[in-house]
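Read through the structures below before going on.
Each of the two complexes below includes subunit A, the first together with subunit B, the second together with subunit C.
And now, the complex of A and B:
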């Protein structure tokens, strides 16, 4: 391998990138646009759920109960109606996801000490949201009911009352349980998976399409020199893009960064080599820019989204699907990046993932150069 | 350069069919044939871009199939299609290929200067290559292909799409390089360009059908003498002539018909009469000396079905 040839190719590639407006757009605009779209677009939190209430009694006590819903940030009481059909309509047309109905004899039965039921109607088209809404409304009513009980007991002579068991929960790594803290590092992975492949996917296909490859391969340049020379500038760009995404996550979305920067750079460098080589491989196989970009999109976006553990935990997947995730580079990078953002584990616990990425990157470099050689005959 | 029994198959299709060649240093070696005859495939094998199915090719004393990288350092190649980077500047292209060919830094300025001078691009070093006219592009491509002073230069239809003046200039450059001892291997389908070559090989359907100097080919290949006939209408005349007694071959060349007969002078009267008998008005009929095109038609007609050679050219 001759370094001066590698350098000549890298220089040429840089000149071409700089002169091509589209590639500058991919490099700068795409990561920012994707970070914003995914960072805001994907939220697993349920907040400000639209609620309609139907108070059939209108007593002070029933109003007091509904006040609890109004005070909660999880619910947003949109409207109080005075008949069932209005409630059904609202659920039907999606004006509310949850409807609370207070019975006409609410305070009467409450004062009699008997059991009282509140009706909750939930739009369960989205079962996840419905479950959360149900749990939240139960919690609101539970709390209120407990308070009433305590009041009652105190009024009847007991000075103090202790609930028998309570949970002292401390949530680690994502203290306020905000899904964005989990999502944003994941988005960095998705963005880099897509951009990394895209950066190199066109580079070889373009040379074939423009006829410059013919001249290039008539020179003494070797397959490895060509590949490394072409990957080098994109590697630098990719690292800058990764930093851009991470900086965006920290400064814009306020996600903490607790791990070590050196692990982060090591993991990102390995992952970049994998995705850049993958893009290069597609470019060699496809020979046309259009085909190469289509393969790239199909092969990176969906797997990175679905099989990396980004939205769906891998250990909850069927065994066969779990097996497939082992060949997904994004899976390892996802683990590493989330760890380095939120947990900050020492490198000894991350060796497996790092080795997996290193292995995949070597494999792809070898395969891509081999395939390239074969293409010529 | 030595080629023996070279074969290249693409599936069932035999692109190069047992071709053997030999070229000496300083020779301009013309490779002549219609599109799809196997010219480009042969040249690409010799440059190490394609692996031959069988046969042997030694270029600059090296086996191309075994040591393609070493061969590439000793040859220059210019492909059919313009293949420099349009989005690089003139000087950037020169630098890039100098890098590819490991031109030493010390020699760089002198070589770059030589290319600019040769291509007539002095003062336009920082023009984007894509903005140059075809003739300049072509000379720049040639310059980039010989930056490392190769001993063999392969030119695959170097002048297609180039205007006549630029074509002349280009051939002058080729002659100058040959005079310096470079073996130039050039493919073309322009018959007039073939005349510039020291030696010609005619290739048709992957096979070598004739070889020799232009004059050897012209005197040896045709079976008889040539008559040029200008007449109206051409189509009917051709049909009639192909079955006429004493006519060995007939083919359309531009607005006239070339007819091969055993003896040109004796055939004139007979053929004039024969044609007017077929409602053809003859405006001119005279003996001519054969061109390479005649040779080519004669040779390929022998190979192909009758009538097919006309389509070829």
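And now, the complex of A and C:
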């Protein structure tokens, strides 16, 4: 391997990048655009869920109960209707996601004692929202019910009773339980996966398609030199993008950064090598830019999004799928990034993930050069 | 005219289907995505990894613990003797939730005081944390309710049935088991069509330009309209094919019900395809290289998916973003897909979405055709 040949390839690549103004703009704009889109577009918090209420009694007590729903920031009571068909129509065309129905004999039965049930009709097409909304309604009802009980017992001259158990919850690492705090670090991983592949997937395929690859082959450059030379400029760009993303996450979204910068840079460098080599690999295999782009998106973006634990916790997946996640580099990088952002654990707890990434990056560099060599003969 | 158009169409079809890799891209990734989404995309949390510290160690505290263990929600992985082990367990990611019962728990309960239980939850994944906390509250509330009932009964003074109590009667509609799979599978159809068709269209003209064959076509007697039709009709059919492929697969493999009419679904798909083709054509006219086309397409696709309500409800997004979603054709198509699949929605419920897609497709087609003519000159 000769450094000057490597440098020559790198210079050629840099020139090609710089000449295309749009791709330079994209390198800067894409991470920020993606951070914004993901940061605001994905929210697992349920707030201001549109709710319709149908109070079949219309007494003071039933109104009092519904007031609890109006007061909650999770619900946005859009309308009170006076018949079932209107309610069903609203659920059908999506005007409301939750409908609360108070029975016509609500206060009567409440004063007579015993349980009275309130209906919560929920549009469960969106399963996660439905689950969370039901939990919130449950909490509203329970609090109200408990207050009634305490009143009742007092009125009946019993000694004051207290609720037997209280749950004192402390949430670590993300005190306000906002999903943004957990999503933004994850977005860094996705951005890096996409950028890395975008940058490289087309470079080799383009040379094949335009016929310049033949010219490159006839020069004395070796496979390894060619690969490293082509990847080096993108590595620098990728690292700059990583910093851009993290800076943006901290300054714009206000996500804390609690861990060490050296672990962060080490992990990012390893992950970048992995995705760049992957992109290189696909562009060697596919030879056409269209196929290269489609395959690389499929192989990096999807796993980074779905199989890394970004939104969907890995330990809840079927065992076979869990096994597949172990060969996904994004999984390890996701763990590392979340850790340095939110937890700040010492490096001793992260050795496993770092080693896995290091192993995958070596493996991919070797495989990519081999494949390239085979393609030539 | 028909003769020339036919030749153009044949040429395009050959170009799309000739390449083994492109054929692969049209069939395997859609199915693969469907499978991953169907199996991996779950936000439901069962078996929360949990540690319990019991400092009270009485009959009552053990009873409470056994309720946590017996519920399907928790998987009690550790029972540390000392709460100082908790931080390490959480840092290592062994558990995400710990429950601590303090000394004197049973005594406080016996005296009719409120006995606290302490919960620490790792909220670096806010969704899991939220759901885990919900489960703790649920189990604790049930325990408390039974304890209180038993106490009141023992005191003998009050007939149990006369205590007022409100219960929530939950009715999840359209998706009775609140299954994530039913939520995601119809949505994936929309994403897939968008990604595949937009990429194909965006690449098609650019590739001709990049390879230099566009010049050759321009010297043939073919007319603009014929050229544009030739560049869109094949992808329209490919999109339709993929839509059918994934719909059938989703219905047969994952058993997602198709409750509405196929006609309504087809109408929605066609309107949506027209929007996507128009955008793809537009990208084709503003890009000089395939790399540019790919990146530009990605810039459209990413926000379109994120702000479509595919993964998280639009009502939870910032208000300004909610306004932007009205320009997003995928937003309407997702609504149509989920409504037709799960709610059995017909035109009466969906005419607004259909009209919006129709309008958008006309506007966008007009813009891209105008722009396209200019770019050919």
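For the reader, a short list of remarks on this structure follows.
Going forward, the second predicted complex is superposed on the first by the 363 of 377 C-alpha atoms of A that agree within 3 Å, B and C clash if a C-alpha of one lies under 4 Å from a C-alpha of the other, contacts with A are read in each partner's own complex, and residues count from 1 in each chain.
Assume a contact is a pair of C-beta atoms (placed from the backbone, for glycine too) under 8 Å apart; a residue touches a chain by one contact, two chains touch by 3 or more.
The structure displayed is predicted, hence computed values, not measured ones.
Once both complexes are superposed on subunit A, the partners subunit B and subunit C fit side by side without clashing. When the two complexes are overlaid on their common chain A, residue A:247 makes contact with neither subunit B nor subunit C. By the touch criterion stated above, A:20 is placed in contact with subunit B and with subunit C alike. Between subunit B and subunit C, the partner in contact with more residues of subunit A is C.
In the superposition on chain A, contact is made by A:11 with subunit B only, not with subunit C. In the superposition on chain A, contact of A:220 is made with subunit B only, not with subunit C. Looking at the shared chain after the overlay, A:212 reaches subunit B, while subunit C stays out of its contact range. By the document's definition of touching, neither partner reaches A:58: not subunit B, not subunit C. In the superposed pair of complexes, A:175 makes contact with subunit C only, with no contact to subunit B. Nowhere in the superposition do the C-alpha atoms of subunit B and subunit C come closer than 13 Å.
In the three-chain superposition model, subunit A touches both subunit B and subunit C at residues 20, 210. Note for the complex: subunit A touches subunit C at residues 20, 22-23, 26, 30, 33-34, 37-38, 40-50, 65, 76, 91-94, 97, 110-132, 134-135, 137-139, 141-142, 144-145, 148-149, 152-153, 156, 158, 161-175, 177-179, 181-182, 194, 198, 202, 206, 209-210, 286, 288-291, 293-295, 297-298, 302, 306-307, 309, 311-313, 315-318, 320-321, 335, 338, 342-343, 345, 349. Across the complex, subunit B is touched by residues 2, 4-5, 7-9, 11-12, 15-16, 19-20, 210-222, 376-377 of subunit A.
For subunit B in complex with subunit A, the residues that touch the partner chain are 47-51, 69-70, 72-73, 75, 77-79, 81-88, 92, 95-102, 141, 144-145.
Across the interface of their complex, subunit A is touched by residues 19, 21-22, 24-25, 29, 32-33, 36-37, 39-47, 49, 90-93, 109, 112-131, 133-134, 136-138, 140-141, 143-144, 147-148, 151, 155, 157-159, 161-176, 178-180, 182-183, 195, 199-200, 203, 207, 210-211, 289-292, 294-295, 298-299, 302-303, 306-307, 309, 311-313, 315-318, 321, 335, 338-339, 342-343, 345, 349-350 of subunit C.
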